[in-house]
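Pasting in a structure now, in structure tokens, and then I'll have a few things to ask.
Here the chain labels run A, B, C, D, E and F in written order, and each chain numbers its own residues starting at 1.
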Amino acid sequence: MAVVVQNIERADQTIIDGLGQCGVATVHEAQGRKGLLGAYMRPIYPGVRLAASALTISAPPCDNWMVHVAIEHLQPNDILVLAPTSPSDAGYFGDLLATSAQARGCSGLIIDAGIRDVRDLTEMQFPVWSKAVCAQGTVKETLGSVNIPVVCAGELINPGDIIVADDDGVCVVRREEGAEVLKKSRAREAEEEEKRQRLAAGDLGLDLYDLRERLAEKGLKYI
Amino acid sequence: MAVVVQNIERADQTIIDGLGQCGVATVHEAQGRKGLLGAYMRPIYPGVRLAASALTISAPPCDNWMVHVAIEHLQPNDILVLAPTSPSDAGYFGDLLATSAQARGCSGLIIDAGIRDVRDLTEMQFPVWSKAVCAQGTVKETLGSVNIPVVCAGELINPGDIIVADDDGVCVVRREEGAEVLKKSRAREAEEEEKRQRLAAGDLGLDLYDLRERLAEKGLKYI
Amino acid sequence: MAVVVQNIERADQTIIDGLGQCGVATVHEAQGRKGLLGAYMRPIYPGVRLAASALTISAPPCDNWMVHVAIEHLQPNDILVLAPTSPSDAGYFGDLLATSAQARGCSGLIIDAGIRDVRDLTEMQFPVWSKAVCAQGTVKETLGSVNIPVVCAGELINPGDIIVADDDGVCVVRREEGAEVLKKSRAREAEEEEKRQRLAAGDLGLDLYDLRERLAEKGLKYI
Amino acid sequence: MAVVVQNIERADQTIIDGLGQCGVATVHEAQGRKGLLGAYMRPIYPGVRLAASALTISAPPCDNWMVHVAIEHLQPNDILVLAPTSPSDAGYFGDLLATSAQARGCSGLIIDAGIRDVRDLTEMQFPVWSKAVCAQGTVKETLGSVNIPVVCAGELINPGDIIVADDDGVCVVRREEGAEVLKKSRAREAEEEEKRQRLAAGDLGLDLYDLRERLAEKGLKYI
Amino acid sequence: MAVVVQNIERADQTIIDGLGQCGVATVHEAQGRKGLLGAYMRPIYPGVRLAASALTISAPPCDNWMVHVAIEHLQPNDILVLAPTSPSDAGYFGDLLATSAQARGCSGLIIDAGIRDVRDLTEMQFPVWSKAVCAQGTVKETLGSVNIPVVCAGELINPGDIIVADDDGVCVVRREEGAEVLKKSRAREAEEEEKRQRLAAGDLGLDLYDLRERLAEKGLKYI
Amino acid sequence: MAVVVQNIERADQTIIDGLGQCGVATVHEAQGRKGLLGAYMRPIYPGVRLAASALTISAPPCDNWMVHVAIEHLQPNDILVLAPTSPSDAGYFGDLLATSAQARGCSGLIIDAGIRDVRDLTEMQFPVWSKAVCAQGTVKETLGSVNIPVVCAGELINPGDIIVADDDGVCVVRREEGAEVLKKSRAREAEEEEKRQRLAAGDLGLDLYDLRERLAEKGLKYI
């Protein structure tokens, strides 16, 4: 059952980059409010916004053996996505693994578990969204799999799916829906930019979105 | 039952500003250790200290319709205070609403739920204290109320009450007690400044607060 | 039962300083993966790495009386370690106590409870690892003890034990094991530095740690 | 500030009893989905359904002194409602206090904190809804208040308000709204009974509530 | 995007029944320690052990509209599996829906959210494994889907997959793996029964599993 | 470092039995409010009250190998006390281990982790206080220790210490303090019995404990 899938399809890089510019909230809305990982997935340092192609890892609790296996299969602009097979806050990943991953062009890490060496990772500018920061070490005893579908922080992620991440959290876009979601995301951005200017000028959302009538119909009373 | 109270009383701005200079811990102590919201209410970025007049919103779970309604009633230096009618971590508030609120002079947001667009809000310097950061969108389907008393993060907040917030959390001061609490807060600050200087010079709290005798009476043994 | 132990043994300062340079993850690994405090113990501001000698405080819930007692017994480079006798998130410690402790050369605070005046403590550069930030005040009613063994965030800490703390959390090293753990930590660092360079150059952990054969033996399949 | 309000108004006992027969879910719905305490408030043993008049206690953290004060003011069919002024899981209440309260006709306890002697309370059939079970003792050092409005598990409760509690949790009904809410609750029960019979006979909610058309309008696709 | 898949494949009922007799721990082990839902999924009353075919529901937060849609598609021995599209503890399900589902032969409910009417459900012997008990009502405003793959409590569940549930929690078995997992589960049971008898007779696991030598090799010291 | 201490001292059985009759709350109070394990340690079924001598196990996360080692060293009326070296909710213990332990006269299990086979353990009347119920299996890969001091649910427990457990939770009494604590516990019980009778007869705690004067001194106002 422990397998490494060596060849996976990835989305077009221009689509990935486009989604990265849009950010999590926009992409999440544009694709119909789906794909958002659990809100407990937080960045270890603020200010990063990125998108990348998922290289998935299914790992046993407290065992980071498969991370080493996964790194061999990284292509530039991939992001590692690790889901433990049962819950764990242990520190699966630190500065040595980050050094190795970064040397292969890895964009970062999404991990539904713990990481360590936060100071080093911050200095290296290796972005991580994790469930916990924890120095607890892991073992290398039990196999897992690389590049199989995983459930990470409550969402199904297939290898090659597109991960969008920023200070708001993490969102997954299906590889085959990337182009369509990017189109909708850009449309949404354009529309929002126009609204932003009107709101900044003092217009009210009540008027902009034409909400007054429906509020009255539902029975809102002003007193 | 869904109402918007259009005219509320606000505290004198000099009182509000004075309380903002004192900060949460001092004000909380000065008013007899009451009014502190749950410690899970955290700022989205550090370093802000403010006080403002509460404009309250009671909103259904995962529904931000009433925020649009509330913004129309903002006066400069008001702070929005949103309490969901049942628990929700959804992202009720983001950069468009912040743009609109800021255009009306709003000081920030206190929300016992989630918010999104953290990076934008930080750049805009629109301060928020929230229970969660979460990109999950909300709907506009069900009415709530504006400027009624709400329970937010475990504390009753009336429209026009004074909100004090900083890196330590959030505290509410009753509007009608503002002047008295400010007076006590300033007295406390003056007293603390004197103590700070003595402690910085190496004096011990044991002597400053005259604790040795009572410790001995209670039976503390030195060995 | 309430006692203050006035004379405790401390580790050699050069050993303490050495461990501080190694950091939590390295020290934790070097001593056989023990001594790590619960991952919920987080620094109030990032970027600090230190080691210091533990001055322990056992305090009742919501009562900070014994902190004043403890401060009298601080020696330069000691760190206060407070464990409540039952769980509490109250704010036991703020800027006045920090001023007093810092005047006596105290290195910081480890507290399995809450603290307040975060902004002031950050400006003073007084580092704290705590369970919570909470402005809630405490009382001075019930005795506790100073410099007895305590369980703090799940780990036993004796007075004079060495505390190592950084952005990854907090680890305790037994005083009498300090020299040995430092030796092992430095050996680990040297070994890691070599690996880091090879990984940075693009070598794989699979080869560096010679993992391929054992993975195959365990049955990992590449497809 | 520490006060005991000796005379409070209570609702009519027939209204209270009627609400008790309806149960939490029905009453909560009937009054417009308000008044529900946090879902972490759980009964210490299953199978109880009751309503009673609230006698409120505002108590300091880890201090049960005011419970003794409150018991003197109990009337038969009152229920004690205790809210700590800051969060606490300590065991404020056990078999002795229950014996005393029961001797005065008390119906039970709602407590946003811990209790102990669960086995005894169960044998005595003294029902409790609490946040925690915890043997940790409390002190009698600091005053609180009796029969003032409190926020308990996120809801405002006034002395004399009606508490409805069962295996689903706890709900508060304003004293002055009791008669109206009872009327609506009974109407709801009657309506539900009819629906229950039709559903038990195999009718579908889709038809009973006439949902098919609106589902189609919203775009639901059957495939 | 909101769809109802009307025809799904189900596993053979004898396989489902066989897995139900084995229980969660055995089945989970037999299929290689996969498929276990989060441990927070607890039964509302103890003592039930069952297996059933999953009829899946993807529902918006705080909105139970799709449960009505799903019930029409129940076949005898199906179990409803509801996953909200964003986290919610609201009470999606109560005695009326249970009456309707039971009338159609439904075996129970697995829900990563809240339920209510616990007392009625217990009396009806309608088993539920849920994240929360909460009387908070839900709305019928937004569409979801029926019989699409969902992630429930951290595990992917396809319509027609086999759900095994008992006092230990909930486990999912892929429909197409049911026969194989049943075979392995029964083998495991047979093997365990033999061990149980030897252990009951006083034999040690150290001898039964032949552990002594490997413990010595790893360096265990007896002192 | 992995050791099995074969000979430990145990307290006198009559002392252990006596403490078991007193229960957790009484013993905890009698020994000065210390020794209480975290309130998250809950019994898997209600109604048990016991005391037993601790046989301690320090085990790696998700690894139950040492339980087999420990069982060989059980004496009748011992209770197993397992503390993982880093947090884990995995199911370390089930019906086979319970069968083996029970065959050796073991009184039960205290475990700061998960257990499984709850239904079987309940039928066998093998009592367990645990942090979680979770069917997730564990491995047998890494050594731990038996009969060394451990920190379990926040309290230090030495081998041979006395564990008292009931529906209120778990408390540890030092072996060498057992006789003294039993004496104090019985005195407390006698005193409480007298109070219970007076309270049951309608006397008030205010009078029984002579609280009125001190309340007045502190400033309590009756209005």
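In the analysis below, contacts are C-beta pairs under 8 Å (C-beta built on N, C-alpha and C of every residue); 3 or more make two chains touch, one makes a residue touch a chain.
Just so we're clear, the structure is a prediction, and the values are computed from it rather than from any experiment.
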Revision key, fill the gap. Contacts shared by chain B with chain F include exactly A, C, D, E
Review point. Copies chain C, chain D: same or different interface, half of numbers shared as the threshold?
Key: same
**Study point:** Selected from B-D, D-F or C-D, interface repeating A-B by over half of its contact pairs
**Key:** D-F
Check your understanding: Rotation angle for the CA superposition of chain C on chain E, to the nearest 5°?
Key -> 180
Point to revise | Winner on C-beta contact pairs when D-F is weighed against C-F | key: D-F
Practice item. Provide the C-alpha centroid distance between chain B and chain C, rounded to the nearest whole angstrom. Key: 31
**Study point:** Euclidean distance of C-alpha centroids - chain A vs chain E, Å
**Key:** 28
**Study point:** Per-residue overlap in chain A, given as positions that touch at least 2 other chains
**Key:** 33, 36, 39, 86-87, 89, 136, 142
Point to revise | Chain-level touch network, classified as line, ring, star, complete or other | key: other
Check your understanding: Every touching chain pair, please?
Key -> A-B, A-C, A-E, A-F, B-C, B-D, B-E, C-D, C-F, D-E, D-F, E-F
Study note, to complete from the structure: Per the touch rule, the chain F residues reaching chain C in their complex are 1, 32-34, 36, 38-39, 85-87, 149, 151, 154-156
Exercise for review: State the interface residues of chain B toward chain E in the complex, per the touch definition above.
Suggested key: 60-62, 86-90, 136, 139, 141-142
Exercise for review: Note which residues of chain E are touching chain D in the complex, please.
Suggested key: 2-6, 45, 65, 67-69, 71-72, 89, 91, 94-97, 99-100, 102-104, 114, 116-119, 122, 132-137, 140, 142-143
Practice item. Name, in rising order, each residue of chain B that touches chain C in their complex. Key: 23-25, 28-29, 33, 36, 39, 42, 46-47, 49, 166-169, 171, 192, 195-196, 199-206, 209, 211, 215, 218-223
